[in-house]
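The letters A, B, C and D name the chains in turn, as written, and every chain counts its residues from 1.
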Amino acid sequence: MRKINEECGIFGIYCNKQQQDVASLAYYGLYALQHRGQEACGITVNDDGIFTTYKDRGLVNEVFTHNHLAALGKGNMAVGHVRYGTAGGNGRENAQPIVVNHIKGSMAICHNGNLTNSYELRTALEEQGSIFHSTSDTEVIAYMITKERVSCKSIEEAVTRAVDKIEGAYSLVIMSPSKLIAVRDKNGFRPLCYGKRADGSYVVASETCALDAINAKFIREINPGEIVEFSEEGITTITEHCKKREPSFCVFEYIYFARPDSVMNGISVHNARLRAGAFLAEEYPVVADVVIGVPDSGIDAAVGYSRASGIPYEIGFIKNKYIGRTFIVPGQKTREDKVRIKLNVIKEVVANKRVVLVDDSIVRGTTSARIVNLLREAGAKEVHMRITAPPFTNPCYYGTDIDSKEYLIACQHTNEQIRDIIGVDSLGYLSIENARRLAGDNVKGFCTACFDGNYPTSIPKHTSKHRFERKISENKAENEENN
Amino acid sequence: MRKINEECGIFGIYCNKQQQDVASLAYYGLYALQHRGQEACGITVNDDGIFTTYKDRGLVNEVFTHNHLAALGKGNMAVGHVRYGTAGGNGRENAQPIVVNHIKGSMAICHNGNLTNSYELRTALEEQGSIFHSTSDTEVIAYMITKERVSCKSIEEAVTRAVDKIEGAYSLVIMSPSKLIAVRDKNGFRPLCYGKRADGSYVVASETCALDAINAKFIREINPGEIVEFSEEGITTITEHCKKREPSFCVFEYIYFARPDSVMNGISVHNARLRAGAFLAEEYPVVADVVIGVPDSGIDAAVGYSRASGIPYEIGFIKNKYIGRTFIVPGQKTREDKVRIKLNVIKEVVANKRVVLVDDSIVRGTTSARIVNLLREAGAKEVHMRITAPPFTNPCYYGTDIDSKEYLIACQHTNEQIRDIIGVDSLGYLSIENARRLAGDNVKGFCTACFDGNYPTSIPKHTSKHRFERKISENKAENEENN
Amino acid sequence: MRKINEECGIFGIYCNKQQQDVASLAYYGLYALQHRGQEACGITVNDDGIFTTYKDRGLVNEVFTHNHLAALGKGNMAVGHVRYGTAGGNGRENAQPIVVNHIKGSMAICHNGNLTNSYELRTALEEQGSIFHSTSDTEVIAYMITKERVSCKSIEEAVTRAVDKIEGAYSLVIMSPSKLIAVRDKNGFRPLCYGKRADGSYVVASETCALDAINAKFIREINPGEIVEFSEEGITTITEHCKKREPSFCVFEYIYFARPDSVMNGISVHNARLRAGAFLAEEYPVVADVVIGVPDSGIDAAVGYSRASGIPYEIGFIKNKYIGRTFIVPGQKTREDKVRIKLNVIKEVVANKRVVLVDDSIVRGTTSARIVNLLREAGAKEVHMRITAPPFTNPCYYGTDIDSKEYLIACQHTNEQIRDIIGVDSLGYLSIENARRLAGDNVKGFCTACFDGNYPTSIPKHTSKHRFERKISENKAENEENN
Amino acid sequence: MRKINEECGIFGIYCNKQQQDVASLAYYGLYALQHRGQEACGITVNDDGIFTTYKDRGLVNEVFTHNHLAALGKGNMAVGHVRYGTAGGNGRENAQPIVVNHIKGSMAICHNGNLTNSYELRTALEEQGSIFHSTSDTEVIAYMITKERVSCKSIEEAVTRAVDKIEGAYSLVIMSPSKLIAVRDKNGFRPLCYGKRADGSYVVASETCALDAINAKFIREINPGEIVEFSEEGITTITEHCKKREPSFCVFEYIYFARPDSVMNGISVHNARLRAGAFLAEEYPVVADVVIGVPDSGIDAAVGYSRASGIPYEIGFIKNKYIGRTFIVPGQKTREDKVRIKLNVIKEVVANKRVVLVDDSIVRGTTSARIVNLLREAGAKEVHMRITAPPFTNPCYYGTDIDSKEYLIACQHTNEQIRDIIGVDSLGYLSIENARRLAGDNVKGFCTACFDGNYPTSIPKHTSKHRFERKISENKAENEENN
């Protein structure tokens, strides 16, 4: 049950002087990053300065056919993107990579994150007569770089100057005719790493699972504030440009966004979730017969809770694995029915049992209530809900759609009220303190703003982009059910 | 990793005198049965004797759009089918329901299973000048019924006479202008059950998970050899027609085919798999650090093994959940790479560990070898493979594609050889004796012919249908990788 | 403006012992015959007895992609079909070729025409327990042949026996594993001819334009009642089977159905239409300034009228040539508007002029009235309508959809009334006598039953097929506008 | 047989304060303009300042389904575009309308023509750091306007300033949140007119046939150099901004581009072509039996030649009207064969005849040679070719793809050589003098630069845009065959 969505996954590959089937490699890389965005995707291949792009709405395996990949052709570099975007309209214009032509040639750019000063930057650009084809921050970044590029000797110099002016969360891969550049913002909100394949080509990706998919050996994460350039000269790194800042990695990457097999800050997401489960067992012990997780992201933590508590782990739900982006919900189905179609309880597992139910988060609470109801119908005697995140109480400005307060149940209700709304016997949220310990006791520097309001940067003055956007997505609530 | 495929899932709904959105209900039912066949699907709606059908190649949510369901319209009955079929050609002609027009009106038929005397029946029909549009057994059954129908007073009488002439495995739902009929062969090879919705409509389905999906209450399984008719007069059951025979339910339904949340013979498939894991722990104990399962069907048994052995259960693999029917494998990927794209190891879980690896079966052995290799690369110190089925040594004639002996590794090699081919430190198969105990010690009557060659019926004299078939699927081996 | 539709165009190619790209040749042949049917099309390739078929709803260039043609593969024979079919439902099951499997192998069959005793034949077959997948006469013909085939030594013998039992209009191409057979009914209602390519392969087609398209030299027409077999032994012709009968070729093939460049009975359709125009000039002379034709089929006759009358020929209408099968008519358009979108008047040509307007037929009269109105709006002073056919007063049972009397304006109204309804100053229909002279004064033997009710065969007792058909097309009137 | 392609057709509708189904009206308008561009099309609807766009590659009736039009919704303004574009790549980014967001809101722009100083303008913009998403001149125009818009009070003022800086051929429709603006360049190269519907809404279109299609009454053409604004205040016209210049309307609009029923400079294109035929009869008389035209654009002139010469007009070719954008040419077809598939000769018309063959132009000569060959094969005794245009000897910089000299047969060969290459007995081109008289003896001011090299503006210094373009279309020659 997806409830919160991040904006993107990014990918880049650089094969020095070697013309390779980079389109296929990008395809596999994006496929491994698909969980980071299911609305749209795209690939740009660079064949000795000639850029060819294909992008559209849909999943990687819907958008790209053999014909499309063949049309992209071989090349010595490629960048790719998977996108989660707010619904409404055709939306093709917001798909990435964004490819622009400027005075020094072409540039392709892929972005994961959200700027906090894009309103100001965009307004300033518009006052100079600039035109925008999309409403995305990425187009603002592209402009910032090309504006600098006019008076710079190199793309990396232009990037360096530009990123000193943009604020907020951004992991970027930028492709010029001859270079691939990876950038991570000073706070390091969103992950970005690189590795190397046996043939010497370099791979940049949001998560290590994309390196694994194409058999690239993980080298290291891009550091917060670092610019890494892959070119004929090899790897160059630029770090001096930005003032040192305390990193603030998004803790929700561990809790929900990232794939369990990805490694971030030296620890797998799976292990971080096992830790979350163990913390919850410690914070909220309970006498019960069985621990089950809500698929997919509650499963790992359920194993952790079981192991720490000694209560047997079980498989409580079967999720229909054929659900696709095109799944429709015809007929007069109630919301209860919709959950039932996607998730079925194994009755024998929970009937007459005291059940610990582990899930990753509660946003509005409606989906949680329906899941609990399924357990009750199946005969569960007690349901003790354990959430691997603290309560959401603040919006996120760094690239997730954790929304304004009126949609967050934890802003409107006490824990006791939430417990009753959801219909559980007990309810325990992970403490913020332990959330900060998910990656192990030695890894520090997390953003937990959505839980405690301590934003590591100044926040946008113009919190809405409505001046730039044509349609406000009305179907937020609907989406919660459908994903 | 799918390796063996069954032919079908079937569904029917009967709403006496009530015109309902039966197309949507069939859609949800088939969606829940999707794991039983991903090649093609179809629905026939019966609106007071007017039959409307839509069927095509593809998954339920690919084939049926809102427009298609609307075009099917409302009705008082519907039948539906999901199909696994051998690859090659357009194949639309083999999609079901098969709808035929005969002297007494229309008839739609959905079939799960394989006849053992279809060659003889078809040849006899052809000798009378009958024509066939497809190569499926289902068209033979349709003919057998309509031939009888000419001289019978009722559809159920024609069905009764016809099924006494057909041999082998067949679960059927048959829809006439005014009746819905469910049939299960005398051996009860394939499952079939029915339930009732709150509004009084009856639902027939291959598995209980389809009843759950549309909130129908399970009533009971159709008995081997039973014909159940749903009509204006209510439910009628016909059992006297067939000689009593010992049931021989396919044990592989528990091991691999059915969904874990489905209940068969009073036990959930999940529980049967937990038992399989426990039996393996008993039959092949080992000193190890961790038990992991191969997703998806090895997971339940891994939990069972862990619980019985005391060795901690862990999540060892992440399966890419966005793999779709349209997923392509472009580029010069090795077979190793293809497995890697679908399945990634969580390295921390297995590195420097002694691993018990639970999977459901070994057919040719190549996929198993690749999976083991992924574990070795990730640093597993020892790999002990446990298989929740006995070795395949005989072809299946009852609706699965367990193939002729030359493709079965267990026919060609000793256990020691297989162990070495796959690259594991130890290898244990479930014993046939325990396979027969999967549903609990009180449930008897299983077909284990693929393991021991004890076929519960006479077997086809003409084991190949090549006289009727136009193309032999050359891409068997390929399929093993792709599914 | 299409108003009447014929059922089909058929095509076959036989390349003795030569494996050729017969799929592409069939594609070009069908493309040339597209005007005979736009609803569905299909090709079956025979590669040494292995039949591969692709068929679907749509135009030839919509249904067949490079991939589909490649999948059909090479072969030494192929047959193909374009179909006009009544709307409603998915209709794929009625697409042709119909391929059936019977005791002696496979058979593909393509049919143009309509049987008059199919009800009786089908009922008799059903009484023997036969099942039907479609509602088409073609399936009945397939059965008749395969029933005979059981006790015959050869396919041609079975065909010979079968066609002696079927009545009505049928041009057929039949493909067995090793032979191609062309059949024309005794009356010769529908055209069928054959030719030869430079490489020695034989081509059968409904019209000569399909021979031209693939550079085959026309040899001759298949004679009424003739069976021509193309096989290893060369060409064999069977004629003795059927009682000699006066031919009755459909005169409407000249007036409307066939392509102007096709030659039938030794005269091009274009020339026959020129003659129609000249006859009208003689039968209904008028003082006028300009002669124009309604595109496309009124154009040739307008040239003929002009030449015979001395009144200048002009181009009065521009037809939008991008109208496609998928053209939609959104919004609140009146019927007047719909005509306007497809047909625009060149105002200078008709303003203040006395106009002779030549069209091929009047069915219900509504489209004619709208076309006349466009001329009036553009300033035409007088409009004199000349129709290249006599008035329709009787339904056709031989493969066109000239409908029952209540839809035919000429059955309900006098000529004067029709003139007023359509809004013309004068109205002249071609006389039946001259209609019989369209192919020149020496060619005899035409069916003019739709004009005079003189049916050359007994007519169906059961004029409706409603027992076999599921849906009656309600959108007849709508179609008149859209085509 | 299309041989030369223009770039676009444009359309706009303004319904003051009335929310209407403007998407459907734009659909019909574009459909009528389809002959001006078949590669891509698009519509932008403006609903009280909210812009919604749908555009894609393909014909109007391929791109727009009922769903797409419904998604565009109602509005009080819309603009639309059909585009011919050079082949290669996905090309969606070049589809129009181009919609940009700038400091004062949104703007949609549709353009027909080609700038002669776009290289200079674009380079200057790039030097300021501007980015370009496409390679089209239209994006340059959009920038020029928005740059001015920053310091202007109104959109019309910005347009006025911008168009004084752009040079070359441009007819534009521009839509701001509250206004629709139509612009024609000072030379009036490309047509543009407007009309009014009964409900008071105004319609702007490239040709009058689009007004006719939606029943709008033609008011007048936009004058060269005129800016016409449709707003709440009604119609405003701005003319003083540009220095008076002699108009130079593209004479090839009459000869080939425009639809015969469109009226330009007070004369229908059909009549202009009749005049072309008559001029040719005068300039190149010949003794012959029959005059035929090459469909579609040679037909009208053939009628004119016939009328002036007294030689009977005939229909010599049947063009397959089902050729679509998706038509493929599979198999080993020679180029001769490809022509044959699209065009068939009516043999009776030309056999043993002296034939005058009228066509609109000769570019490379290969298609002409093949057409003549078809006539010879059909038995034509003599073929006298008459071309309704003078020989092409110079490239066009104003929006057609008349190419550089190496592809123009008339640059490489004498008339006698061309006659021999094409295989005709005589060859006559329309004189430039008479080409200038096509619209009647009183209409002056034409561009005939492609025939005589007298460019009415300075021509581009940078004749190629290769710095901006990624791919050079290699398939020019191929296209000549396919269209």
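Here is the rule we go by: a residue touches a chain if its C-beta (ideal position, glycine included) is under 8 Å from a C-beta of that chain, and two chains touch if they have at least 3 such contacts.
All figures in this text were calculated on a predicted structure; none of them were measured in a lab.
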item	value
Approximate Å spacing (C-alpha centroids) for the pair subunit B, subunit C	47
Subunit B and subunit D, separation of their C-alpha mean positions in angstrom	60
Whole-Å gap separating subunit C and subunit D, where each centre is the average of the chain's CA atoms	36
Residues of subunit B engaged with two or more neighbouring chains	none
Chain contact graph, described as a line, ring, star, complete graph or other shape	ring
Interchain contacts (touch definition) - all pairs	A-B, A-D, B-C, C-D
In the complex, subunit C residues that touch subunit B	50-54, 71, 89-90, 92, 99-103, 106, 123, 126-133, 135, 142-143, 146-150, 468, 470-471
Subunit D contact footprint on subunit C (complex, rising order)	21, 23-25, 27-28, 31-32, 34-35, 38, 59-62, 64-66, 69, 209, 212-215, 259-261, 263, 267-268, 270-271, 296, 299-300, 303, 307, 312-315, 318, 320-324, 326-328, 330-333, 337, 340-341, 344-349
